[in-house]
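Data block below; observations after.
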Amino acid sequence: MSAAAPADLAPGNRAAVLTKPHTIRIEEFPVPTPGEREVLVEVRSVGVCGSDVHYYEDGRIGGFVVRAPLVLGHEASGVVVDHGRSTHGLRPGTLVAIEPGVPCRGCTQCRAGRYNLCPEVHFLATPPVNGAFARYLAVPADFCYPVPSSLSADAAALIEPLSVGVWACRKAAISLGDQVLITGAGPIGLLTALAARAAGAVPTICDINPGRLARAAKLGLGLAADVRRVRLAELGPYDAFIECTGDLDVPGDGMRALKPAGRAVLVGMSAADELRLPLSVLQARELVVTGSFRYANTYPAAIELAASGAVPVTDLVDAIFPLDRAEQALQATRSDPSLIKVVVHPCEEADQ
Amino acid sequence: MSAAAPADLAPGNRAAVLTKPHTIRIEEFPVPTPGEREVLVEVRSVGVCGSDVHYYEDGRIGGFVVRAPLVLGHEASGVVVDHGRSTHGLRPGTLVAIEPGVPCRGCTQCRAGRYNLCPEVHFLATPPVNGAFARYLAVPADFCYPVPSSLSADAAALIEPLSVGVWACRKAAISLGDQVLITGAGPIGLLTALAARAAGAVPTICDINPGRLARAAKLGLGLAADVRRVRLAELGPYDAFIECTGDLDVPGDGMRALKPAGRAVLVGMSAADELRLPLSVLQARELVVTGSFRYANTYPAAIELAASGAVPVTDLVDAIFPLDRAEQALQATRSDPSLIKVVVHPCEEADQ
Amino acid sequence: MSAAAPADLAPGNRAAVLTKPHTIRIEEFPVPTPGEREVLVEVRSVGVCGSDVHYYEDGRIGGFVVRAPLVLGHEASGVVVDHGRSTHGLRPGTLVAIEPGVPCRGCTQCRAGRYNLCPEVHFLATPPVNGAFARYLAVPADFCYPVPSSLSADAAALIEPLSVGVWACRKAAISLGDQVLITGAGPIGLLTALAARAAGAVPTICDINPGRLARAAKLGLGLAADVRRVRLAELGPYDAFIECTGDLDVPGDGMRALKPAGRAVLVGMSAADELRLPLSVLQARELVVTGSFRYANTYPAAIELAASGAVPVTDLVDAIFPLDRAEQALQATRSDPSLIKVVVHPCEEADQ
Amino acid sequence: MSAAAPADLAPGNRAAVLTKPHTIRIEEFPVPTPGEREVLVEVRSVGVCGSDVHYYEDGRIGGFVVRAPLVLGHEASGVVVDHGRSTHGLRPGTLVAIEPGVPCRGCTQCRAGRYNLCPEVHFLATPPVNGAFARYLAVPADFCYPVPSSLSADAAALIEPLSVGVWACRKAAISLGDQVLITGAGPIGLLTALAARAAGAVPTICDINPGRLARAAKLGLGLAADVRRVRLAELGPYDAFIECTGDLDVPGDGMRALKPAGRAVLVGMSAADELRLPLSVLQARELVVTGSFRYANTYPAAIELAASGAVPVTDLVDAIFPLDRAEQALQATRSDPSLIKVVVHPCEEADQ
């Protein structure tokens, strides 16, 4: 019953709030009451994403501007501690991966199954919606996915970025035996490459940072190219190309490495907006270019990949911070490219 | 039997040859002997295409350079007059639409059904392969499609550009009720719009030439926009966008008029090659952009559309020239935008 | 505001209720109050469907059993007369086509865009959900589609069965130039054939009833086969086959008329359940067989087809009954195969 | 040069010929001369397939009847020893996997990329085309696929049945995280399950033979069900179902275990032909049922899967026979279900 909060809840909801660029404060809010179809989750692990760092540094990402104090964090997992009236099937104590974008469920996009394109989506840590750097979060029950007991809270949090990779692979129509070029060996590039490998494809991952290339190799991604030394267009040919750097010179170069009928998926975002592509290559090879925006219907597959070990998500975790050090977690992610994934444990701060 | 030419063939094969830019000469060649799986076609009608005009004027299109005298013309129909040993089913006297690109049939692209992307395709009037401005042509029997008796030779010739439109519609995944933006009301734009309408979609066609817009209206394309007065991005939103002008500013503008998950197909070619697209729009709406290159497996559908009257192909024919005036046909196409389609009748020159 | 009913509403909601098999009674209910995201619709036209007749006669269709009095009718249109708090965009006075199946919006099927497969769907006139043979109906606003002023209330009601046809065409992947076999020239078969023709395909429609074949011809469906005289397997070959009779002998026969890689869609339902298909034909031709269940995301396309005249829906309407003669409407549909579509006008009964 | 046979070829072409049911004779034929686009292959390994056993026992499979002496065997690999004039790229000494079905390359099916459905395909060991139980075979160069040096001749031969599995997975649209039901743990079922796993799916394999279930487990297929004890319809639900037994009771049962929108692919062939399926399940869940016939465009993917170790093909090989014991190889396959795959080594017979 949600009417009375369970006895063992902490009395307040401590959260890490971005009050202005470069400033995070720990504040305490009332514990939210779950709505009829919601559950209350005690947040256990939250990955730090590049978008969190952008908000922290610039107070904005493109058209999304932080105009009021904002709780960051959207790669989250936690344990169900309370629930609304109509949330059959999610019992207290269950560890869940939280899908952070809740769509309107009624628009053309939602009804067509493309709920990631819903114009009225509420997405955690996207202004003005508060995120998951908090002890408690109320979430629609159907956006909470129980994970097998073999998965840790950190693994469950990383289902979110793995979903980005799974979605990119779907958009790229990756299938058995495909040769796939992936540019960028950060967390999204690595998870995309691991998802592609899990789909029976052969990924080649590229970066200019030797440490990240070494990390890719350590993750078992045998084909890695240092693009300080090799030009993309000389690689391949590839069946698919997934761009994860956001560098606007890369899409055109990668396209030249594609086979006829090859697919290019642009995942990496850029503040500048002018993509330049070689029209004649696009036409003569009938390449298919698409952007990828978050994901839809990926959580079950991503959980399966993590649970089977096909994608060893926790191997990406390089540092863990308690809630009251969330700001250091953001700074570490920004400044140290050797840290692939930093996570925040909101429940651990109380213990310190 | 092909061993001996049928008695009623003309003694030589007169053809209109591009000997250098801006120069067409009528020359006589031996009548070709059809190979084992070929038929000999007496060419009855050949549409003049923008690519023919480019070769005539510049001696090249991008990487395709005319290095030796070249017979132009690839939108062709004719009557079977002779056949090789293994061409069952195509009887002399049959009017056929000729598919001008014959692929290798063995490469990865051919075997995957994408024979338009075959790197070894022989395509009429693409250097060094001679085209159809000639009295006779030997063609593989399976690239000749009998047309119903309701279709004229001109209609059969126009199956080729209609195929470009059908293919663009397939690449754009046009389906019932789709709103489709088509830029450019030249022959390809018009045929694409008519094909889209035949597929149950609602095409809006755009141009800057009032005569061509009027022509679109006359063809029953009720929604036409004069883009000297309206900005593309203000139109729509559309499910699909098919670009038929080759103007490099248009693709980005048209993309802004698309709905989420919209599809853009770039048909119009350009000498300049740098396509500039808004990355954020591509990503946030997950647009799909692809180039279209000729067509594959379209002739039966295109013939059906012409035969049923769904696409009134001959309404596009504005002028007819005999073979020895092929040069005037090229010049007229180049200089007069009100001529949508000019055709050459290679067999009529002898009569003059 | 929905709190107070608009002044000009009728004081009660008269409805035609199936109280037991073969018995319809007119009863009066309170006018429903629209919920927050609902509108109140004054029902103007309701088509009689075969399923209504089945419930009337047998009190059940397969597992769906009428256990309490049930209002029939699900092919409905009407005029918005009131609305809840959050239904922006649907103004009173708007004529709308009503999509009768409202899904849960949260399950795996809903979120994948297949809301027609939602296990918790509420569908009008499917026990225990009351249907549209009533003066007023409260409907979620996003399942009401405004229609252009060129469409009548009857046309708007027939968007529902036309949606079945559009969906069948989508499942059959109908495209330009396809040869399509459609068995059954009742309302669903005819609308499916008209939708296929609107999609640029060439439908052949079959029946054993000469009157229905004549009706098909009158609707412009030129290719019609009397299958008392011709065997299905001798027709064709076809790219697609859409079965609309429910006769269990027909699917196997129709499949034999398909080309390799042909698609068969089974729309017609049957009380008996054992479908018998020739395995070797399915395998050697790699045919694709699927069932079709209602529709999803079809209303905008169906409205477009009706509005453009591509599918002349009202040409199917053969008789109109007021609400208090709803029982006669059901009986007429059952007993007279020459009546393709009978409609009930719930608002007209008060005038009589 | 093919004009003169290379000096080190054996003087004759010994082959195992089925002269009548239950009778194999070793005979010697002239060494074939490769055509212009062919290579001559010294056959190194040939898997015994159930179809070979059927021809051996019954002299026929359905409509395919052995009317003249026939060399069996179509799962073949070998080393290139000679080549025709136009076979650039395949050097003598190269170990190749041989794709046994060579299509006409010109029909509608071939040009659409569905060359497995070509009505004029020549397929090894399908009457009247001789198969691969022979020392030498002339094969079109583009149907020979070089394999990496890590693969043995046996592995290269098993690319053929693995292709059947890859194709079944493609027809079933297997993707990341899918739950897949596979019935039958013979060679095709096991290879299909291994291919599905390599595609990131979770296969459950069923059989009634405990030895085969144990073998599945040994191959790492953790989810195996003994369907003597569990009913298929109680398993699941599954995203896809691939039937590999040919038992006509299984397809309907397996379909009941599918989720809405699930896909069923029927691979197993049957002498009886009447497939019985539950129509209401097909319709209410909109299941997609298709047959699978051989494969197209699968060899590169299958080779990649074998080479990467994702599918350990040689773990299926249980016995090896020289050419002059080909009959024992057929008998062993027929009589001992614990032998998953038996191979024949045509070149070894000379040494014995």
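Just a few scattered comments:
Each chain gets a letter, A, B, C and D, in the order it is written, and its residues are counted from 1.
Keep this in mind: a residue touches a chain if its C-beta (ideal position, glycine included) is under 8 Å from a C-beta of that chain, and two chains touch if they have at least 3 such contacts.
Because the structure is a prediction, the values reported are computed rather than measured.
Distance between Cα centroids is largest for the pairing of chain C with D.
Note on interfaces A-B and A-D: more C-beta pairs are in contact across A-B. Looking across B-C, C-D or B-D, the interface that copies A-C in more than half of its residue contact pairs is found at B-D. Note on chain placement: the centre of chain A and the centre of chain D lie 41 Å apart, centres being C-alpha means. Averaged Cα coordinates give chain A a centre that lies 46 Å from the centre of chain B. Within chain D, residues 108, 112, 114 each touch two or more of the remaining chains. Only residues 166, 169-170, 175-178, 195, 198-200, 202, 300-305, 308, 310 of chain A touch chain D when the two sit together in their complex. If you check the complex, the residues on chain A that touch chain B are 62, 108-109, 112, 114, 116-117, 119, 171, 248, 259-261, 266, 269-270, 273-280, 282-293.
Note for the complex: chain C touches chain A at residues 37, 105-108, 110-115, 140, 142, 296-297.
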